[in-house]
Structure formats: C-alpha cells, structure tokens
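One chain, chain A, appears in both complexes that follow, with chain B as partner in the first and chain C in the second.
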Partner chain A sequence: MVRLFLSGDGPQSRILGAILLLILFCLAFAPFLFPGTRSLETAARICIFIVLVASYDLLLGYAGIVSFAHTMFFGLGAYGVAITTQRMGTSYESLILGTMAGAGIAAVLALVIALFSLRVRAIFFAMITLAVASAVAVLVSQLSAITGGEDGMNIRIPRELTPAFRPFDEPVLGVRFSGRHLNYYLVFFTCLILFLGMLRIVNSPFGRVLQAIRENAFRAEAIGYRVIWYRVTATILSAVVAALAGSVFAVWLRYVGPATTLGVEIMLDILLIVVIGGMGTMYGAVVGTAIFVLAQNYLKDWMGGASDAVGFMPLLPDLLSPDRWLMWLGILFILSVYFFPTGIVGRLRGVT
Partner chain B sequence: MTMTTTTPSLAPKHAPKLVRPSLAQRLEPWAPVLLIPALILVGWLSISSPTSWLTLTVSGLAMGMMIFVIASGMTLVFGLMDVINFGHGAFVSFGAFVGVSALLMMSAWTGAPSVALNLLAVLAAILAAMAVTGAMGFAFERVIVRPVYGSHLKQILVTMGGLIVAEQLIFVIWGGEEIFIGRPETLKGSFVIFGATLEKYRVLAVAVGLVLFLGMRAVLRGTRLGLIVRAGVENREMVQVLGYRINRVFIMVFVAGSALAGLGGVMWALYQEMITAHMGMEIMILVFIVVIIGGLGSVEGCFIGALLVGLTQNYVAFLEPKLALISNIALMVVILMWRPQGMMPVIKAK
Partner chain C sequence: MPDTIAPSLETHDLTVRFGGHVAVDAVSCTFRPGELTAIVGPNGAGKTTYFNLISGQIPASAGRVMLEGKDITRLSVAARTALGLGRAFQLTNLFPRLSVLENIRLVIQARTRRGFRLWSMAASQHDLLQAADAVLERVRLTHLAHLPITALPHGDQRKVEVAVLIAMEPRVFMFDEPTAGMSIDEAPVILDLIAGIKRDPAVTVLLVEHKMDVIRSLSDRIIVLHNGALVADGPPAEVMASSVVQEAYLGKELIDV
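Now for the complex of A and B:
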C-alpha cells in the first residue's frame, strides 16, 4: 500500500524514512501539535514550498534544465485566483476557475518559452527564463489596474475557509477548530496529492527517459527518444504544478503581491533548497524545505546572538549579522554542488 | 568553375559564366549590421520630433555601448571555454562600488571645474575598479569555475551561488543602502546640437564604447594573441595540439572580461548616478538578451545586439513607457525567429 502511494520509490534509508515520517506527522497534525497562528502559517508555508520546490526538482533534478522563471509560474497561479475572485465574486467556482486559468496560462507560456529556447540550446533556457520572468515581474507591478501593482491584491475567499467560520461548538482535541484549520487541511491535502503525483511522474517511464536525457542527451536521442519533446513536456508539467501551488498559496494567504510570489529572492530560495536538499530525489524537496523554513525562523536568531557575542571584533559582526544568512547559505550551496551533488537526501541514502 | 578548358575534345562544349549574386544575396551577410541603421530609421519615422529622436538615439547608443562593454567578456568566455558565467553581474556591482568609493574619495578632483582633473579622477576610479574586478575574476575562475568545466548545469548553479555570495559581500563591506553619486563637474550638463540636448556624459560613453569595440576588434583580428583566441573559439583541442597553453589564454580572457565588467559597472554608475548591490543582477538580464541575440561567443554579434537593445529600449520607453522591458523580450523573440542561434553564431569546427 505504502509502496503504491510512493510509486515504488521509497526513502531507501532508515534515517531518511524516519525524518520524512516525522515531517509528515508534524504537518498532518500541525493545528493540534503546535497551536497558534504563527506556527500554522509556518506549517502551511512548508507544505506549499515542498510542492513548489519538488516541481522545480522535476525540472532541474530530473530533466537537468535550469529555469529562473519558476516563481513566475507560481505567481501566475496566485494571480489567476486573485483576479477571477475579484471579477467573478467570491465562490468556489471562481476559485476553481481561477486555478485552472492560472495553470492553463502557465502551461501555454511554458510551452512557448520552451519551444523558443530548448529547440536551440538547453542553456538558452536559463537566460531566457531569467529575462522573461523579470519582464513579467515588472509588468505585474506596472499594470496596477489589473494586478493591484506593488500593493498586490487581497482575496476574498468563501466564509467556510476563514477564521470566522466555526464548524464545531466544542473544542476538538483541545483546539477551537475554525475555518482557518479547514483551509490548512485543504492546503495540506492538495499539496500531499500534488507531491505524490509528482513522485508518480518521475518514477514512470517518462521520468526514466528524462533522467536518461539528463545523463546524456545525445545518447537518448540516438536510442530514439524525441529529446525536445520530453524536455518541453517536463517544463510544462513543472510550470503547471508550480501554478497550482501558487493558487493554493493565494487561497491560504488571502493576498497576492509581487514580493510574495514573483520576487527574485523566492527564486533563489527555491534553487538553494533543491540543491541543498538533494537534486533529482523529490524527497530532497521535503527535507530541504523543512530545514530551510525552520532555519529561516530560528537560525537568524542564533546568528544575531553570535553577531552580538563577537561585537568587539572587526568585520565579524557584519559577517554574522542575521541579514547575511543568505551569504552563508550561498557558500553552503556552492560547497554542496561540488561535494554533495545529491544533497542531504543523497548523503542519507549513501549515494554520493 | 570559372576555368574554361583549352582542349575542347576532352570536355563537353559549354560556356560557364559567372552570375553575379543578386543584391539581396550580397546584403545577407550584412543584414545584422544593417539592422542598426534600419532601427534608427524606424525610430525617426515613429518619433515625430527630430530633436527628441536625436536625444533618444544618443542615449540608446550610450546604453548599448555600456551593455556591450559588460557583455563582451561574458560572450568571449563562453566562446572560448564553453563556460557560462551567471556571476558576471557580481563584477558589475563590485566595479561600480569600488569605482564610486574611489570617486567619493577624490571629491576634490571631481568637484573641480577642470576637465583634466575630472577625467583623471574618473580614470583612476576606473583603474581601481578594473583592478579589483580583474583580481576577483581570477579568483572566481580558480575557485568557482575551474572545478566544474564541461557541465553547464553545474556552471549555472555554482556561478549563481557565487553571485549570491558576492552580492552579500557588498552588503557586508558597503552596507545595504544605495549610494548616490554625482558626475564630475565638467561631465555634468549637456550640449545643444540642432536644437537637441545631448548629455555630455552620454556622448563620452558612446565614444568610450566605440573605442573599446574597435580596440577589441583590432586585438582579436590583428595580433597573434587575438589569433590564438579566435582559433581557440573555433577549435580548442586543435590549438592545444599545436602547443599553445589555451588554459592560460582563457584565464587572461576571463580576467580581462571581468575587468571590462568592472569598467561597465563604473560607467553605468555614472550614467544612473545611483548604485545598489542588485544592479549587477538587473543589468545581467539585458546582458543575457544581448548575448543570446548576438550569438553566444561572437563579439561583433554582441556589439550589434547591445546597440539594438539600447536603441529599442530608449525608443519604446519614449513612445510607450510601460512596454520598455517587454520591448527587449519582443526584440529577442523576433531575432530568434529569424536566426535561432543568434545573429552571428560562432561556428565551432568540431
């Protein structure tokens, strides 16, 4: 049964399995284990980022294509929901329609970009996505009549998903259950399904061909696979999943803005998580995201303390200041590309 | 084919004649070059006032020249060693910060109303910036790029990581605030020619860019070193077999390219009169468009691409400000539809 859900691609390591189970357990019972708004926010963010990062891993780790437009697709999903709910009013239909519209536009855009660049050279893709993504980010912040510009848009979602809705009069397991918790479980299960779906894709014959292309595109072509077709399909799939994650994010946050969905920082975060967690493993996205988001919340405090402790020395306080944590992460990133190309998960599996 | 034989018994009787290629055929290799005057003409037709057209053309050319200075190193590095350096933007930012710090230190010279002192200050700032970014380039090549030769995927990832670290180092050294920098006294203000106002600094930037392009072309076409570089771009192994240490040539090109990026950073800083740590990344977007439409590895293509991007951006920003960034994407799409490998692709002899 478990094998079926995991598509025959288990953790292959006891420690990894234990970590994954712990993460799953914590996320599944987050509202009861960690009551409080802030921890629920963190849990939902972890769920959504796992899907976002895993969809990026599908492209980077399995197909070997570097894209810098992943946040663009994420943002398309989020803005799809925001714009349709604003135009069509608050209803489940408009949420679904917005999600589908976002995913559809993401698919078409991915197809166009992929055909333009992958047809010629795979490395064009990295540069063209960077250019297109930045253009879209500028466009979104300028077309304020449609997108709300820099301020972003607030989204009105159905009442059942808001904190105001109380399905039960009595507390459940000591928690006063609200629509916010329902919304969390919507996020959790959507993300779980999307993640298992992606696990299915990468372990299908299609996923195997992608890996073959990553290892040696020329040879895959010689065996008879249409390399371009596989690469384009992988790009579209990853864009659609990223857009769906964006829609879920918009519904959860009830807000979209350029900084929260389209920013370069988010793109860099995704890149760092994938590589440090483990490229081409899918589970790397889970472990990496959990560690990254927790580190973002707690490591910064620790760095602040360390920075104060060495305050008497020159330069060191600046290097250790909490704002500079991205620098240390960047160094860790470079080292892990050199020495652990398969990241944490690859390390745990004993495959280096 | 042109030879007519004198022994008619051995060959069938025929009289081959040379057909002159048609005008279109003769123009075809020059098509990318002709795009620039064509674009300037389109700009003239669509912008009603000739004076603003002249102003825009000069500022477009100035912008294009600066992008060329930055992009040329990157495209040569790719052509020579098949290395794609996403961290190139870090050199731009570092160059700008070093140059601006130097200029701020020499405020007595930049503030003086003397052309010689002003230019001396700018030159000193540029030299400082180029020295620092050149040294950075050397370190970058050794530490970051060297271990990942031959794998584009790892190159992109690692150089991106290098960019993040370098950007953060700027925050550590100079703090997170943007720095405003005034141009030196005699470079402020503008000329008025035919009723059009041309900023002095932009004219200077065009001149510097043009001199650099011609100089680079002269080195690449006229010297022995340039010959080795060009041969290396076409076929690296063959040059190695002939006994040249192409790796050393490559490091030289990498360092020179990084130094040029630093120069571009200083020029850009004086153009915008403001610098931020993220400026390198922002410029890199234009640089990528330029090297793609020029044809990766080609200096001439890069030059033409940079001018096209600069002109398009300025014309469109005047006609329809909201479309300015999209215009470059549109330009890229059009050119890639016409020539999928870029305007002047480097043909590898492999």
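Now for the complex of A and C:
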C-alpha cells in the first residue's frame, strides 16, 4: 500500500524515512500541534513550496533543464484565480475555472518556450525563460487595471474557507476550528496529491527516459527516444504543477502580488532548496523546503533570542543580531553544499 | 554476395563539408543483409563521420542515405533507430550514473515504444527487466548488472556498449572500433559477439576496425576510405592484395600483416 502510494520509490534510508514521516505528521496535524496563525501560515507555505520545488526538481533534477521561469508559472496560477474571481464573482466554480485557466495558460506558454528554445540547445532554454519571465513580471506590474500592478490583488474566496466560518460549536481537540483550518486542509491534501503524482511520474517509464536524457541526451536519442518531445513534455508538466501550486497559494493567502509569486527572490529560494535538499530525488524538495522555510521564518527570532542571551559577551551579540539573518542563511547554504554536495537526501541515502 | 538480395543500406554520393574541408566525399556504397563489411582507412579518413551521416548525428551536405529502400536522409536520429539502424560508438557513450541493467532496460523500453507512459511504474514492467537480463547474460555481464557504468573498467564498458546495440535488435549494426583500448584478452569476447550477430542472415554489419587479423576472420568485404573518399571496395583478399591500397592508403598495421 505504502509502496503503491510512493510509486515504489521509498526513502531508501531509515533516517530519511523518519524525517519524512515527522514532516508529514507535523503538516497533517499542524492546526492541532501548532495552534496560532503564524505557525499555520508557515505550515501552509511549506506544503505549497514542497510542490513548487518538487515541480522544479522534475525539470532540473530529472530532465536536466535549467529554467528561470518557474515563478512565472507559479504566478500564472495565482493570478488566474485572482483575476477570475474578480471578474466572475466569488464561488467555487470561479476558483476551479481560474485554476484551470492558470494551468492552461502555463501549459501553452511552456510549450511555446520549449519548442522555440529546446530545439536549439538546453542552455538557450535557460536564457529564454529568464527573458520571458522578466517580460511577464514587467507586464504584470504595468497592466494594473487587470493585475493590480505592484499592489497586487486581494482575492475574495468562499466564506467556508475563511476564519469567519465556524463549522463546529465546540472546540475540536482543543482548537476552535474555523474555515481557515478547512482552507489549510485544502492546501495540505492538494499538495499531497500533487507531490505523490509527481513521484509517480518520475518513476514511470517516462521518468526513466528523463533521467537518461539528463545523463546523456545524445545517447538517449541514439537508442530511439526523440529527446525534444520528452523535454517539452517535462517542461509542460513542471509548469502546470507550478501553476496549480500558485492557485492554491492564492486561495490560501487571499492575495496575489508580484512579490509573493513572481519575484526573483522566490526563484532563488527554489534553486537553493533544490540544491540543499538534493536534486533528482523528489524527497529533497520535502526536506529542503521544511528546513528552508522554517529557517526563513524563525531564524530571525532565534537569533534575536540568542543575541540577547549572549548580550554580556563582546562581538557575539552583533553577529547574532536579527539583521544578520541573511548572512547566516548564506553560510548555512554554503556549508550544506560543501558537506552535502548531493544534497541532504543524497547524503542520507549514502550517495557521495 | 549475390546482388539479388535487396540492399538494406545505401549511400548515394553522401557528402559532408566542415567549412572548406570535405570530410566525407561523395561516398556511394551499398550494403546487403548477411554481409559484414569492414571499413578501413587511416585516422582522420572520415570513417566515424561516415557513420555519423548514416545514423544522423550530423546532417549531410549532399547525397542520400537509404534504409531498406526508404530515404532517411532527413530523419532524426531517433527515427532512424526506430526504423532498424543501430550504432555503437567509438568512444563509450552510455548513461554513466545509471546501472548497467538500467542502461539496457532503457534500450528495450525505447524499442518497445513505452517511453511515453507517464502513469505506470517502470520497476513493475517485468518483461523489460527480463529482456534486459537476457541481454546481459549473452554478453556475460550479469554479475555487474546493478553497478553504475562509472564503476566499470573500460573493457566492461565496451561490452555494455555492444550490449546496448544487441538490445536495440537493429537490422543494420554499425560498430565503430569496438575493441579500441581493450586489452588483448578482452577483445575476443567482443569479437565473438560480433561473430554471433553476423550469423543471422537477416542482419547487415558495418565494422570500423584497424586490426587486420580481426578483419580477415570476420569480414566478407572491405571498403577503404581515404580523405573522405571511397578508394577501394571488394572481397578481403583482393583489397588487401591491391598494392595501390597497401602503399597509399592503409595504415602501417595493414602493411605489416
């Protein structure tokens, strides 16, 4: 049963298995384990970024294609929901329609970019994605009548998914359950299904071909695989999943703006997480995202605490000041790449 | 070879230029099933480039390639493979971090056209794994099946290269110096495999090789390339005896024998 869900691709390491189970457990029961708005925000963000990063891993780690447009596809999904609900009014239909529109546009755009550039050389693809992503980011901030420009757009979602909705009169397991929690479970299960779906794809005959192409595209073609079509398909799949993650993110945040979805910073985060977690493993996205998002959200706090605790010593408080958190994140990154060149998952699986 | 057997592979005035340099110069040649043709010529004569034109890695500047009567000059490499053309490379060219078994399994998956299945599990397609096992048994690599290519010594990598070709089950086999860089005791294994392939009267074999004893024992015919042009074509004894060929076009190895 477990084997079926994981598509026969288990963690292959006891420690990794334990870590994954812990993360799954924490995310599945987050509303009860960590009550409080901020921790629920963090948990939802982890769910969504796991899918976003895993869909990037499908492209980079499995197909060996470097793209800088992943946040653009993420944004297409988010804006799809925002624009559709604004035009069509708040309803589940418009959420679904907006999600489908975002995913559809992402698929078409991915097809066009891939066909134009992958025919030439894989590196050309990276440059084209950078250009298109920048163009779309500019477009989104210019077309403020449609997209809300730099301010972004607030999204009105059905009441059942908002904090105002109270499905139960009594607290559940000590938690006053609200529509916000329902919304969280929508995020959680959508992300779980998307992740397991991707795990299935990378372990399919198609996924094996992608790995072969990554290893040696020239030979993959020589044994009879039309490399271009496999790369194009991988690009589309990855874009569609990123867009779906974006739609879920928009519904969760009830807001979309350039900074939350399209920003260069997010693209960098995705790259860092894939590398930290371990490329071409899928599970790297889970472990990497959990560590990264936690660090991003709580490093400042921890540092503030630590800085105060060592306040009597020279220099240390300065180094640990919350303003330095980005430096520490950078150091964390360099150390992890230095000690785990194959990522955390690669390391735990004993691949050197 | 009787001319009544329809040719499997033909090149008509096949030419490629790199800048001003003509690497393959209007080579017209016909290959038939049941025949092993050795292609010889000094280094840089254009043998590998001739192969690249036939299997499609390099587009031809002029001329045509015909496979079983069909013009394949403009087809992609993968399409030519699907039509029954199989090529082993002079420099080992495998999926380095994948296991030996997976390298072969991928070939059989390609041949059976299952690459675009996105929703089934590759690991549970037992027929492919069994077929791959059978190929590994044939080349005596079963004991290495689960090692990545990078962990194999050069000689075994060459064997996998041949195993890939066997797994492709092509009708036209192209070997480019299959024993290059192999030790004296390893080479016979490869040559036995090629001899085994040759026994099937339905297959055509093209073999680029330098070692004269190998050519003598395996080939039905020799063609000689020099500066990209076809300069001799005939039965082994005849071509080897031809003094023009010996003096002007063949490497030292040939003359020594």
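Heads up, the rule we're going with is that the second predicted complex is superposed on the first by the 310 of 352 C-alpha atoms of A that agree within 3 Å, B and C clash if a C-alpha of one lies under 4 Å from a C-alpha of the other, contacts with A are read in each partner's own complex, and residues count from 1 in each chain.
In this section, a residue touches a chain if its C-beta (ideal position, glycine included) is under 8 Å from a C-beta of that chain, and two chains touch if they have at least 3 such contacts.
Since this is a predicted model, take the numbers as computed values, not measurements.
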Is A:127 in contact with chain B, with chain C, with both, or with neither (first, second, both, neither)? first
So in the superposed three-chain picture, is A:264 touching just chain B, just chain C, both, or none of them (first/second/both/neither)? first
Check the residue A:338 against both partner chains and state whether it touches chain B (first), chain C (second), both, or neither. first
Is A:326 touching the first partner chain B, the second partner chain C, both, or neither of them? first
So which one touches more of the residues on chain A, chain B or chain C? B
Which partner does A:218 contact after superposing on A: first (chain B), second (chain C), both, neither? second
Which parts of chain A are in contact with chain B and also with chain C? none
Can you name the residues of chain B that touch chain A in the complex? 84, 86, 144, 147-148, 152-154, 156-158, 160-162, 164-165, 168-169, 171-172, 176, 281-282, 284-285, 288-289, 291-292, 296, 322, 325-326, 328-329, 332-333, 336, 340-341
Across the complex, what residues on chain C touch chain A? 55, 57, 76-79, 81-82, 87, 89, 93-98, 102, 105-107, 109-111, 114-125, 164, 168
In the complex with chain B, residue positions of chain A that touch it: 60, 64, 66, 116, 119-124, 126-128, 130-132, 134-135, 138-139, 142-143, 264, 268, 271, 275, 315, 318-319, 323-324, 326-327, 329-331, 333-334, 337-338, 341
Note: in the complex, chain A contacts chain C through residues 7-8, 200-201, 203-209, 211-212, 215-216, 218-227, 229-230, 233, 237
